[in-house]
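Just passing along the structure, written as structure tokens.
By letter and in written order, the chains are A, B, C and D; residue numbering begins at 1 in each of them.
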């Protein structure tokens, strides 16, 4: 009974809270720009409206065009079940679950890009190509980050990897993971979700042809992914294990909020990079994570 | 022993003749004469001269002195060539080579561990000098005939060396060896003849079709 | 069911297949299936029956008594050979039918049986001399299968390259086995872990078998051979034949004592193969070449597992060593299955369209729905994505590496390096296969041939279905095969205690199953909603562009552009470019080829140098007799000098 | 008695052939005599005679280990010769048949010679007898080849004669009684004058090496093999060269007894490796598939001399290789002769797609390629592997590396040429000329038989052969 309740609670946290983050980001951007901006709950309205809408589908697209977003959404949701929520812990936890989480995210990427290629549109092909290419470096960074955590904690299961206090590598790791968060979620400076020029987009351009419920699923999945990274980042940097449950919960919420605001701040202060400079920044994030790993090695020795 | 050395010295002189002369007939003659000299030598070495020895000597003399030269003469006339033109190794150089070789042969022979009874004889130096001459002719000359002569002189050298063993080796073996050598030269003579017919020339520069 | 009779049955059936293959296709198929089936059952009996099979005969071959053995390690490979052999045989009935290839199809059948037979012999023979015999006959059978379509120059040169490389490897194995025999005094093979003097021999084996395994940089022959071979041959070459090299490395690294550096070298080579192999694959525009290079990557993953296991053996750390080797072994199966599936799929595409160039294909999912579906499954598997089998083995390798890192021994650094490489390679594999699948099957047809394609017949689709089903099964029930893997590990290193199914693997199994259910449910739900008439078809929105054509689609080259730029240093693309000129440019193009770099940069120059020496030497044979006699004199003098120098000593 | 018959029967056959009337029937003498010789030699192989210690000739262990192989090869070639000479009915085969039989007889004599002089005489006789075979085609090219064969070979033979003299002088120096049988010479042992023994060894190695075709004295080989009929090539490569090899083995035993074995081995190894290198280099470039066979023969002579330099185990392997190489080469020569006759050219620039025109010969040619490049399970694989093992057993690691590299490059060259000949689409001219040639059983069976024998030899080496090779090795390396 207790298990079911806690499971439902975690599920609720992930599913219901996720769409809040983009809203917050937009609020922050608007606030910095001195506008009123859309309401924080804008995405919820959008999702509700999209769910009602009819699907328009390219004549070229195969069923996978519709199935793809669903798969991606399930994959991300699956990934979230292994990420502990502070005191609430994780739904699923076993040795090596970290690898499963990474590969579920990869599965989501696969489904999104596959669906994008369905339409045979040059723009969506462009987006897909960029998505998978940048993911190559992001993946390396993530592996390095996870190795760092593993070295620090001597564990290979997320629940325990994220729990204890963080060693000296926290700063480096935070910087690295934050960059990865930005690229994985296609935020500025890698991608500009708000732009109106398809040539410069990554994620948004991939979903050009999607409409109705599938688009809703995609948007929700994206926010879910953002939340996942935010939670991951918070817990890998802050010593969650040392707090009492209540505090931990509060800290987690605060952390996620902080990350979100940070993303907003970056978006409003920075411009999008030229594409040829993107790999440079990504490599930097990889190096940050690797350095974090070395520091952790020394620290834990 | 002295008259033997005299003959050998003569043979060595003939080497120089063969090296120096550009006219084919004189080369052939020199070779033939050398063959005859060699044919006589066993008679001087063997202490008890049986009929076999005589037979072998006569066979060698005729083979090397008459038959082969005859063949070569014939081929030469058929090919209408009298002299060796632009050889690979010029006459003066080959003459010098021959002379130097002869001296070197004498020196080397001194350093070789020979049995006392051979120490004095010119057999080994003569052999070495003839072999060298033969090689120079084989490598240095262009006309097939002069090459055959070179080969003959080369074998004469070996024959000279063989005379060291004449006491000990059984006659049967010697006979076989001589027979083989003679037949060999004979075959070569025939081939020369055939080549002359096939190519209508005895210039070995024409015989370089087969190559990589 | 005892193993011996089954093995005999398999050998007998296949031998008979060689004989009857030319004349009676149906009988041949029956025999091949019998042989393959018998081999599979035999290996399963060994793997799950938990007892090795060994047989020594009095019959002498080449002066050596026959000695057969089937243990956990060889059984794993034997099963794979059986599966792919059967699938390929069925597939070839239609793909390489007598109707289309009256000349080569009968030959192909005979050689197919020969190939299966010799591979099975390689796996079971336990005597150095006989091993070499089987090994070479396997190489030659493969050569004749690759060059079945001998009319084409490209096929011939690819075949010759394969043969040359394979011969180089075989000669190294000559040295290896001769040295082994000279050191141990017998050709008989078996565990010799205690003889430390044999350590350096492993390097020879690593080279000899590495060539066959296609380990970077010994893979030069692989891409062209696998691309130009008939697809069912490519399937078994990529799926099973290169695994013979892997088998050799595993077998002898298990039986012989390993040098201290071996673990590091193998791990490093594996990691390099994984990354560079997939980088090359991503760049390719030829579907089958892409698949071939991807095999280099997967062999790399396997080798990372083996190298890690060697490191673990050196550290005496059973836990993660076992995991790594088990992962490698499972990946042997998985790669065999999904790469076989993918090559058969590529064959079906080739069969339907007559081209391997992805930039001429596109939109095939309508014409070849079954092929598209199977290929998609293969794609998910090869990208190592859950819930399919590829993920399970890669997960095991990853977990082993993570454990190696947390164990914080010296080997941790190798593990860190390998893990980073594998991560990058994994992401690249995903990219490559999104590109491959999408450009071939999605969007609009880029060419006439693609537009007029047709689905393949029952036998071809059927054999693909079988492999796909196996992929799914291994993905959803990894715990079932753990005992087999444990047997393999035990055969490699008996000192390690046999472990029950790890908790984590059970968890993964559960997770995979749940995920599969959820995915299917979500997919069905979405599809039902769509079928509910909600969807309206419309032209792809092209940002207001009025007349989009199929040629405006992203091609494979443009898709690989970004990453291709990063790896330019090793890919060394050949660019043929004509920019549009003038106001109304008539023709402009941009062609990018990615040649085999190691071949062009290393092998070709060295070969050229040797050929120069050869042609220089040939000038010595210029036909002048005088010179020849001079050579004789020279030889005489040289010998004299040699004797003098020796006499002085 | 039987041992004398080995020599006498062919010689008598030769005389008969010389006086036989009827060109159509004469060739049948070859298989008849060949069969008799084969029967004799295998009878002797199975039941070796007792050879008197001081006998000048005799079927001793060495002859027993090699001669049957020559006989086998000759028999196969003689069967092929019947078909071949029917194709060449435009010219008289009187001399050809007679000389071929004479060669067989002299070969038997040379293999059985236990006396320095007799050995030399027999070898020289074989050399001279082979001459008419070489220019059987009567073309200018053939005469050129013969000319070179004669002078280069003659020089070599002369050198070996000089070497024999030197060895004799060495024995004289050691107070020898002038008995030049190898047994007596070996018996003198250390008494032999070392410098003369060494000089003799160098000269004999150079001389008989020329006959064997070891580089750099191999230059006559490609010309001779390229221009002579296929049978002649087969018999030269598989028979005549082996006489020179056995000669070297016997001399090597004397040198060993004189205490200079190590030096002799060093030279043998060096010249063997050098031959392999040269052969590999030439194989990489040659564009004529008959000359290719000649260079491959040079390579295998190199392998033989390497084997001979590696002590008893190596000699065992080398004798094994004499068999396997002889039979395989025979198959290659005969199948290439078929292709040559069908395509009317030996250059790979003109010959293509023979798999279409002469499928069986092409198949044998390809199989022979794999056999001769030491692909299992053919004979050469086993013998070369044994050489390799012997070399590794004696720690010649550098030599092994060179050996393997040469094998690899030889394979590149050979396979390049063979597949160029077999694959592709034939040229019209070739198609036209191929119409005149039919692959009769008589043309295909002999090479197939030889290939089969090579296979059988590798897989099921009869114990009697192993035993004979061991015995020969024991005779050459007597254990005090």
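FYI, a residue touches a chain if its C-beta (ideal position, glycine included) is under 8 Å from a C-beta of that chain, and two chains touch if they have at least 3 such contacts.
Since the structure is predicted, the reported quantities are computational estimates derived from the model, not experimental observations.
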Quiz item: If you count the contact pairs for each chain pair, which pair has the most?
Solution: A-C
Quiz item: What is the distance, in whole Å, between the centres of subunit B and subunit D, each centre taken as the mean of its C-alpha atoms?
Solution: 31
Practice problem: Let me have the rounded angstrom distance from the C-alpha centre of subunit A over to the C-alpha centre of subunit D, please. | Solution: 78
Quiz prompt | Separation of mean Cα positions, subunit C and subunit A [Å, integer] | solution = 36
Practice problem: For subunit B and subunit C, let me know how many angstrom lie between their CA-based centres, rounded off. | Solution: 69
Practice problem: Send over the residues of subunit B in touch with two or more other chains. | Solution: 138, 147, 207, 209-210, 212
Practice problem: Enumerate the residues of subunit D that touch no fewer than two other chains. | Solution: 147-148, 151, 155, 222, 282, 285-286
Quiz item: Every pair of chains that touch: which are they?
Solution: A-C, B-C, B-D, C-D
Quiz item: For subunit B, which residues are in contact with subunit D within the complex?
Solution: 112-113, 115, 131, 138, 144, 147, 151, 154-155, 158, 161-162, 164-165, 167-170, 173, 176-177, 180, 183-184, 187-188, 191-192, 194-195, 198-199, 207, 209-210, 212
Self-check item: Touch list for subunit C against partner subunit D, complex
Solution: 60-63, 129, 132-133, 135-137, 140, 150-151, 156, 160, 163-164, 167-168, 171-172, 174-175, 177-179, 181-182, 610-611, 613-615, 617-618, 621, 625, 628-629, 631-632, 634-636, 639-640, 642-643, 646-647
Quiz item: Across the complex, what residues on subunit B touch subunit C?
Solution: 88, 135, 138-141, 147, 204-205, 207-212
Quiz prompt | Complex interface listing, subunit C residues touching subunit A | solution = 362-363, 365-366, 372, 376, 380, 383-386, 391, 394-395, 398-399, 402-403, 405-406, 408, 416, 419-420, 422-424, 426-428, 430-431, 434-435, 437-439, 441-444, 502-504, 507-508, 511, 515, 518-519, 522-523, 525-527, 529-530, 534-543, 548, 550, 552-554, 558-563, 566
Self-check item: Residues of subunit D touching subunit B in the complex
Solution: 115, 117-118, 120-121, 124-125, 127-128, 131, 135, 140-141, 143-148, 150-151, 154-155, 157-158, 161-162, 165-166, 168-169, 172-173, 176-178, 180, 193, 195-196, 222-223, 226-227, 282, 285-286, 291
